[in-house]
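Two complexes are shown next, each including chain A; its partner changes from chain B in the first to chain C in the second.
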Partner chain A sequence: MIDPAFLTDTIGQLLGGLPLTLSLSAISILAGGVLALALALLRRSSGIGSLFVRAYVFVFRGSPLLVQIFLIYYGLSQFPALRHSVLWPFLRQPYWCAVLALALNTAAYASEIIRGGLIAVPSGMIEAGRALGLSPFRLFRLIVLPLAVRQALPAYGNEIVIMVKSTALASIITLMEITGIAHQIIGDTFRSFEVFLCAGAIYLALNSLIARGVWLIERRLSPIV
Partner chain B sequence: MNAKFACSLALALLLGVSAQAKDWPKIKIATEGAFPPYNMQNADGKLAGFEIDLAADLCKRMKAECEVVAQDWDGILPGLNAGKYDAIMAALSITPKRMEVIAFSVPYVSSPTVLATTKGGGMENLPGTGTRINLDDDAAARAAIEPLRAKLKGKAIGVQVSTIQADFMNSYFKGVADVRVYKTAEEFNLDLEAGRIDAILAAAANVKAAMDTPQGKDIVFTGPAFGGGPIGIGSGVGLRKSDPELKGMFDTAIKAATADGTLARLSNQWFKLDLTPPS
Partner chain C sequence: MMGLPSLALTGFGPTGWGAQLLWAAGMTVAVSVTAFAIGLAIGGLGAWAKLSGGRVAGWLATAYTTVLRGVPDLLVIYLFYFGGSQVLTSIGRWMGHDGFVGLNGFTAGALAVAVVSGAYQTEVIRGAVGAVSRGQGEAGRTLGLSRWRVLRHVLAPQILRAALPGMGNVWQLVVKESALISVTGLVELLRQVSVAAGSTREPFLFYVTGAALYLVITSMSGALFQAAERHSRRGWTAAR
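Presenting the complex of A and B:
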């Protein structure tokens, strides 16, 4: 049943979708990460900002990513006002709709991960910084952020891997990344087992590289092992 | 009838098969439920459409009790061979490639493939509008399509995944048009109306159905209609190759429904067009 020539050919075709998978992952993780840091800081503030972040996390963490992609792609385009707005050239393209949905989604999870990292910074360190006369900004940049990042890294590595796998959902809005191409090959050959096996192997290889990379950074950031 | 039975008995003995021809008192039929007017789900979630009505009629003729279930298009062929159901009635076009994997009944509907766009989108009256191109002669068809290729350069055209239209698009317009592949027809209709894509390529019956909805009032046919070749001879019931008795039952029932005009009546009711396959 296993046909090596077919597997090689399938892997070759699927790798054609790798650049799109990588670019969707990279841009949404970067944009989502920046947004997550802002959300995490806002969450620590008092008042309306913190309330907004809690609502944001509640919505984006509590609803399926698939539904969010559908809402952003098919939902928003139902409003003629939006189709005539300056946002339309951007939201018209499936690529940017997918990036937007992925980034907003990962920002919700990552903001909680970063918040956990910030909470874990020992108060003694902060007091020591204050005693040295550091300004609040320098205190944050030199002491709080590096420690928080180190604390949050293992959980954040998880989130990165989850995001790479989540890009598979972009195939439902016509983007031909690895999973999209897999569906197309199955449509042509009806050999779902072999094709999904190959697609799974590509994601596995990609994510093992990412996990290794996160582990190396973790080791670098740990002063004493 | 007796001769036929004797024949199959002889065949069974010849092949060393101990079981007699399988009886089919119950048949489970899969449909997509998202491809109006062939098959769709009502507001209350019940399956309805041309194929649902036709299935009921055919089952009455076959004296079988039928259950029609909804199944995602992506997995509809693998599910048949995996034994999740016994037949597929989901606007499944008969193609040589599919015939390698499954068996088909005789066709029960035949709808040409067309391009459609929206009024005022700049894609109306493409070359060849109102004509029909037969793809059986590939060289002649390519020559006839040439002026159309120039007009579709860089245009976003929506097709449904794993359909003959997607194959057709890839073999005649690859590298010319920006082919967008959708999971369902509803989705590319939405994107055509939203202006994300310039045109769709689909079976005439489906486009007609989209035009008859309030949101689809601006959709118009454009360019030539395509038939034959990779577009095929129509849609039939998809069956496992290992169930020749069931194929025989469906063939007989479809021929009877064609002969007494039931097929034409259902087609007119659902498509507002008579799409009875030429026999």
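Presenting the complex of A and C:
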């Protein structure tokens, strides 16, 4: 039934897609994280900024990621102005379209996670910081941000795992990451179950490493009680 | 070029794609409801296995939720779409039918999304059961209610109240995941939008329209879930 030679061969081929999966994940999580922090701070402001962030989060969380990818990959190239701009060398490549869509998408989810973390910072801590005469920037940098990060970390860990899984959608716009290669092998051999087993094992290993890493950081950031 | 003429493309006129888009949106809702319903049943079974099934059942349920929540949904759809046809073909051969038997996109896609959502649903239901105190069931039995009536009148309403917010999240997930079923060729919303985008050469217009229709579906059903939550909480917050 199960053919070990086929399994090891398949794992080997699939691992060829690992660097692409990792780079898609890493760049979009980093860029999305920076954007998410900016969005979370803007959401706390009053007026138009907060309204913009709420609309942004509504749109990106309410529609499928694949639609967002298609909109950027197929939709943007329709505009001649964009095709003649400095952005075109990037946006003509499926890789950067996928990164852009993934980053914009995760920023919406992560901004809500960070917002939750910021809300959870006890007001007494902020007052204490003010009483010590810290400037608003140092107050944020030394007191608010570390506490918020600690609070938001478990949820953020989940979001990172979801992002790694989401990079699979990049295969639909021709990027041969792990799932793209898996699809190709299934098409060639019709052995969908074995290929699923191998690809699934790689994703599971990757995600449990991430979960473990987040857990270690959580432990490091927890005060000794 | 974007302009007023292109807006007629998404309307219901002779050149418009409005009717097809609405039909496809209906297909998205249909496949999502099917997947959600099956996922709910799987989730109930999974929660039971984790809470009071034996050791083997508990272990199986843990393996199931770990794998399905850690693997890309697209891979699961490929498994059901290609693997399902494989299984059907070999069953057909065994029964004396020679040739390829394909699993259609609706069935394969709905099953795949159901199995993924069932993993999330398992955790939602398990958490909700844990949120209802043991004493509730014992009190019902003390009052002389049968086991079934305790479940029906005492436990189920309270479990549902605790589970509804989580179930609402799973529903949103199912709707968005249903877009991936377009890879099987099923003409749901995303597939129809892609076809329209290709044949009119207006991809931006059609993908924006598609995104807007998904937003309509998710926000309208979100409001429905909120109404259900309010209904399930009636008289509860006041009494506390």
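The rule is simple: the second predicted complex is superposed on the first by the 224 of 225 C-alpha atoms of A that agree within 3 Å, B and C clash if a C-alpha of one lies under 4 Å from a C-alpha of the other, contacts with A are read in each partner's own complex, and residues count from 1 in each chain.
Rule of thumb we're sticking to: a contact is a pair of C-beta atoms (placed from the backbone, for glycine too) under 8 Å apart; a residue touches a chain by one contact, two chains touch by 3 or more.
This is a predicted model, so every value here is computed, not measured.
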Legend entry - Superposition on chain A - do chain B and chain C clash or fit: clash
Inset, instruction - Determine, under the contact definition given at the top, whether A:Arg83 touches first (chain B), second (chain C), both, or neither. - result: first
Inset, instruction - Could you say whether A:Met176 touches chain B, chain C, both of them, or neither, answering first, second, both or neither? - result: first
Inset, instruction - For A:Trp215, decide between first (touching chain B), second (touching chain C), both and neither. - result: neither
Inset, instruction - State whether chain B or chain C is in contact with more residues of chain A in the superposed arrangement. - result: C
Inset, instruction - Could you say whether A:Gly62 touches chain B, chain C, both of them, or neither, answering first, second, both or neither? - result: second
Inset, instruction - Once the structures are superposed on A, label A:Asp188 by its partner contacts, choosing first (chain B), second (chain C), both or neither. - result: first
Inset, instruction - Look at A:Tyr74 in the shared chain and tell me whether it touches chain B only, chain C only, both, or neither; answer first, second, both or neither. - result: both
Legend entry - Segment of chain C that clashes with chain B, given the candidates 97-105, 133-141 or 205-213: 97-105
Legend entry - Residues of chain A at both interfaces, chain B in one complex, chain C in the other: 74, 77-78, 172, 183, 186, 190, 192
Inset, instruction - Quick one: which bits of chain A touch chain B in the complex? Just the residue numbers, please. - result: 74, 77-78, 83, 92-94, 172, 174, 176, 180, 183-184, 186-188, 190, 192
Inset, instruction - Give every residue of chain C touching chain A within the complex, in rising order. - result: 66-67, 70-76, 78-79, 82-83, 86, 172, 175-180, 182-183, 190, 193-194, 197, 201-204, 207-208, 210-211, 214-215, 218-219
Legend entry - chain A-touching residues of chain B, taken from the complex the two chains share: 74-75, 77-78, 81, 97, 101, 158, 161-162, 166-167, 180-183, 187, 190-191, 194-196
Inset, instruction - Please name which positions on chain A make contact with chain C in the complex. - result: 58-59, 61-68, 70-71, 74-79, 161, 165-169, 171-172, 179, 182-183, 186, 190, 192-193, 196, 199-200, 203-204, 207-208
